[in-house]
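What follows is chain A paired twice: with chain B in the first complex and chain C in the second.
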Partner chain A sequence: MSEIILTPKEQPTVPLEAANIRPDVFAGKTLDEIKELDIMYGNAIVKLGEFFEVAGESSELPKITIDGDVYNTKRIGQGMTDGEIHIKGNVNKYVGLEMKGGIITVEGDADAWAGQDMEGGELVIMGNAGDYVGSAYRGDWRGMSGGLITVHGNVGNEIAEYMGGGKIVVKGNVNTMPGIHMNSGVLIIEGNVVARTGGEMAGGTIVVKGVIEEFLPGFKYLGVEKNIEVEGEVIPGAFYKFEGDLAIKGAKGTIYAAVAGNGHIAP
Partner chain B sequence: MEKIIKNGMVYDPLNNIDGEKKDICIKDGKIVDSVSDDAEVIDASGKIVMPGGVDPHTHIAGAKVNVGRMYRPEDSKKDVEACGADGKRCGSGFSVPSTFMTGYRYAQMGYTTAMEAAMPPLLARHTHEEFHDTPILDHAAFPLFGNNWFVMEYLKDKDIDSCAAYASWLLKATKGYTIKIVNPGGTEAWGWGGNVHGINDPTPYFDVTPAEIIKGLAEVNEKLQLPHSIHLHCNDLGHPGNYETTLASFDLPKGIKANPATGARDTVLYATHVQFHSYGGNSWRDVVSAATEVTDYINKNDHIVFDVGQVTLDETTTMTADGPFEFDLHTLNGLKWANCDVEMETGSGVVPCIYAAKAPVSAMQWAVGMELFLLTKDAGKVCLTTDSPNAGPFTRYPRVIAWLMSNQYRNDMLDEKLHSWAHRKTSIAAIDREYSLSEIAQITRSTPAKVLGLSDTKGHLGVGADADISIYDLNPETTDLTKDYMAIEAAFEKASLVLKDGETAVMDGNVVNTALRGRTYWVNTQVEKSLYDEVLADVEMKFKKYYSVNFQNYPVQEEYINKSAPIKGVML
Partner chain C sequence: MELVKNVVCPFCGTLCDDIICKVENDEIVGTYNACRIGHSKFVHAEGAMRWKTPMIRQGDEFVETTYDDAIEKAAQVIAGSKKPLMYGWSCTDCEAQAVGVELAEVSKAVVDNTASVCHGPSVLALQDTGYPICTFGEVKNRADVIIYWGCNPFHAHPRHMSRHVYGRGFFRERGRSDRTVVVVDPRESDSSKLADIHLKLDFNKDYELVDAIRTVMAGHEILYDEVAGISRETIEEVVDALKNAQFGCLFFGMGITHSRGKHRNIDTAIQLVQDLNNFSKWTLIPMRGHYNVTGFNQVCTWETGYPFCVDFADGTPRYNPGETGSNDVLQSNETDSMMVIASDPGAHFPQKALHRMAEIPVIAIEPHKTPTTELADIIIPPAIVGMEAAGSAYRMEGVPIRMRKVVNSDLLSDKQILERLLVRVKELKASK
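Showing the complex of A and B:
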């Protein structure tokens, strides 16, 4: 597969917004055409070539490799439908926003709103991610509807907010309110959660393999289940099963919390 | 400055001009008999010419509109416009556009006047501040009276004169235009966690009924000789079976004589968004349209003008001073709810709403709106509104016009888009009436201008009118409007040329003069001095006791108004 390599020249103090860094936008474009694509620099429109060296070989659907740290570049891969982006460093907010297909891999950390309103495809973050991973747009009650997000490190607050489908896997620890207002889909947390897991969730499944420090009172305890099956995948171990959040009328959300370490939240 | 519009097909119902080719002469912002040879010539060959559009009921400025903007970033995101080189301001918002964008979008459609239909008196200053930033449009704001503690106390004591003196002061203090009544007694009852049901259900503590409030304020209105009649949002909005309350409310001011000091209004009741008030049945399961009953009443009675509140089948934001209704809606659709109580005056609520064509209730509501337009025989009694943004944003007016002018458009909607409740619960499928361009000019221009009491200068193209003129690139001689309904929608969406007070505001659908600012109409009534002083002393005392602001700080000064246009009323 041919590849386009973007090497960041410098990351300015004012953030860049590079929604045009997408395989399906680069598709069929020459290197010069790619350099001429618009990106936002604060409130000004500038050319991609001003902030990135562009090399490699163009093709119908090139892989995009960002060979460096883009810690102050937002919206990479926004709305992409196909292809692959590989980011070798850190990335700023909104990576994989509204993504519909393809794959994005971030070797470093991602800031907030990774995979917001995601509909399909795969987003892999090898480092940590900020708040609102796989969330809805501010104010909206319709969030992520499909696709897979995997964060290998830790994440911040309110991840999977208003999640309506798809799957999020966090290998590390989570701050407060994962799965808040969640309606559907699967959230798997392998590490610990500080507090308020599944607050006001109406549907969907949250699995916590680590320790939930502080649990919400609005969940009904259903007993212990072993080797649980979540959407076709068997997760080994024993889990307390809860249903809620009863603060929401007719809520049917499920939380599985590992028996090991969570004795303090069992009734 | 002189201009002449030549060769256009002119639709000017107030002057009985129906599509005739006629030249329109303009001098110094007014329409005149003739102009000199130096006049700038505007060629309108093959195009239609109408007075500037007048929206008698919309929500474009003030506190609850701003809540709608602030708490719906997801609505702002849907429609974003960048700024332009010529001073055009950026903006955002699909159902609740920001102020500048509101002015531009109305003007692009050929509208030059729009009335903010619900102003909490205490928040008048904010409303006028938003008017400052809403370009091009002439405007006015309607202060809310129907749940006001002073009003309810005067009416309980049957003291119409004191109530009129208070209303006179409040209109002056808020720089307001008319007596707006929203769910009379109901919003006050909401302060106690309840609502009123029907016109004879007394509101808690004050113990006055909606009927007493409506009738009393209608008397006050004519006593003050206001340009507009009372502007009524009936009780029981949006409830199945509410048409009986609607018809009973319509009957209350009947027999009172229209008595405006200015303008040509001859009606005493303006009923707003009647679509939301025309339902039969007992529940959402057996709900049916009652548009036939409602239009029968309207066709037989001459004291009433109404607007429809047409559902446009969009995701929008509802906002009203009808606090209990908004809570009902929130419990029905489960979407986020904002609620506010405005001290001794009113309350309000805001809830998003998705009118999906495939949803049974939305489809029925669409058809009820259409029935109201099409079954009302006289286009001099009905105004086009979507109660923007409640039943849909004002930017959909061109689509509503196209629905009204093309039976085929409506049938295509019924066949392909709408849930079967649209024809099962209403009579829409049996109606094949199509509005003429002249009738469209009535419901969007002359009828609202006349009922607002502004038809001396608005809503027509006769000598002496303000030169608010819209030209649309639509030729009824060469276009089959029934078949090519998209051409209607496209033409009314982007006017070919719009003049505001004779200045070019829009050209080829684009705003070209962003510096234009409209007038603010308000009513400056005179009341017999001793009565006025007596009432004001009472008001001042109650301010000290109950209000969070000082009596002296409450009124909006005239200097605060950008282009103040007071209209006189009298009461002696």
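Showing the complex of A and C:
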């Protein structure tokens, strides 16, 4: 597969918004045409070539490699449907926003709203991610509906907000309110959670392998289950099973919390 | 001495409209009916210093200048910025705010009001879940159960309780003794001393307590014997009291909007009120601070579709508090100039935001000497709405009230300043 390499020049203090950096937009374009694509710099529209060196070979669906740190560039891969983006540094907000297919890999950290309203494809963040991973647009009650997000580091608050499908795996720790208002889908947390796991959830499944510091009172305790099966995958170990959040009418969400370390939340 | 009646107080969101001002030589020298805070605003508390002319910073000093010069320099700063921020708006009238939103659109700026550091979480939550609100008149005439959650009206909105709890209403002829008052606050406060029930919950546990109340109300057992420091029995008693109300109203303040969880606390509290309507009539009112903070959210919504934190960078309104809020763009160093109007972020913003304010050009449209004007490069003093200029404002529950002009002033109003700024920014943008 041919590859387009974008090498960031200096990142400005006022951030860039580069929704045009996606393989299906680069498809079939020459290097010069790619340099002429619009990106936003504050409230001005500038050319991609002003902030990135463009090299490589164009093709029908090139792999995009960003060879450097784009900590002040937002919206990379917004709405992409196919192809691959590999970012060798950090990235700002909204990476993989409204993504429908393809794969994005971030070697560094991602800021908030990674994979917001994601519909398909795969987003891998090797470092930490900010708040609202796989969340909904502000005020919407329909969030992520498909695809897979994997974060190898820690994440912030309100991840999987209003989640309606797909899967999120967090290898590190989570701050408050993972799976808030979750309706469907799977959230697997391998580290610890501070508080309010599954607040106001109506459906879906949350598995916490680490320690939940504080748990909500609105859940019903259903006992201990061993080697649980979540959407065809067997997760070994013993888990406390809860159903809720019963503050919501007709709620049927499931939370599994590892027996090891979570004795304090079982009644 | 002349008495001017039916004056509206330009201080808090209670927007008391029965103030009488004592006027001597075109100056307000005293008031009747106002609380101590409102009175201080009318008569200019001791130590307050008014700007009499526009000022420009030269080195470490401010030098006097004309309106024309200050507005020209301000327009140049705004038109030359990549991401200007226009913040404040809550102590001026809706007419000025409407011009301000147009100025933000023309300048491709971020426009945000003080809600983003007070009831912004409430605004976010009501977009998620709804807004079962009523007017003060209904509270006074009908309410028999009143909750104050995370607020201390005795000090922050001093006439709130006397007008709506102690006041006699059509169906509450005995006033206070016809009502049950519940205060939810981790601390003893002067408001909690007046309550029938004081739920002294643990800090940062508002969400957990509402979750428990809603679960019990839905007919389920809660998981633990004690939630947020409140026993299961007390929670059950409170649920009974709330369900048996004839007309209830939940007033809520910073104690719940800015404890852990922020807008999610309000989200679940609003749904608590919705759940309560399965048993009885319940409403809620946020305890808004500045007298016209609600007005900006109304104006901005009808102009742009969004209530605050609106980013016009690409020419269309975009909205995402957390990214487009004033503190977000300041703390991430995204903004490169700031116009402050009718508020004092210099006194209230976190230090990291002030660091950025100190680095970038700051324009302050502000009548008094404040920490913000100390950071400013251009100061443009306006006449004060509600005292020296007339205008419209929205009370905390969304009732629009016309503010009166009581005395004369040589200064331009906020609206006039913004209109002149708008004309000049349009010219500069067109010439680019």
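Everything below uses one rule, namely that the second predicted complex is superposed on the first by the 267 of 267 C-alpha atoms of A that agree within 3 Å, B and C clash if a C-alpha of one lies under 4 Å from a C-alpha of the other, contacts with A are read in each partner's own complex, and residues count from 1 in each chain.
The rule is short, and it goes like this: contacts are C-beta pairs under 8 Å (C-beta built on N, C-alpha and C of every residue); 3 or more make two chains touch, one makes a residue touch a chain.
What you see is a predicted model, and the numbers here were worked out from it, not measured in a lab.
Considered on the superposed chain A, chain B and chain C are sterically incompatible, since they clash. After overlaying the two complexes on the shared chain, residue contacts for A:112 are found with chain C alone; chain B is out of touch. In the superposition on chain A, A:221 contacts chain C only, with no contact to chain B.
Here chain B and chain C are compared by how many residues of chain A each touches, and C touches more.
Of the two partner chains, chain C is the only one that A:199 touches; chain B does not reach it.
In the superposition on chain A, contact of A:141 is made with both chain B and chain C. Clashing C-alpha atoms between chain C and chain B turn up only in stretch 129-137, chosen from 39-47, 57-65, 75-83 or 129-137, once the structures are aligned on chain A.
Applying the stated touch rule to the two superposed structures, the overlap between the chain B and chain C interfaces on chain A comprises residues 138-139, 141. The touching residues of chain C, counted against chain A in their complex, run 81-83, 107-109, 124, 127-128, 207-208, 210-212, 214-215, 218, 220-224, 227, 260-261, 264, 267-268, 271, 312-314, 319-323, 332-336.
Of all the residues in chain B, the ones that touch chain A in their complex are 71-75, 77, 335-336.
Contacts from chain A toward chain C in the complex involve residues 13-15, 17, 40-44, 93, 112-113, 131-132, 138-139, 141, 158, 176-177, 180, 195-196, 199-200, 214-221, 245-247, 249, 267. Within the complex, the chain A residues that touch chain B are 136-141.
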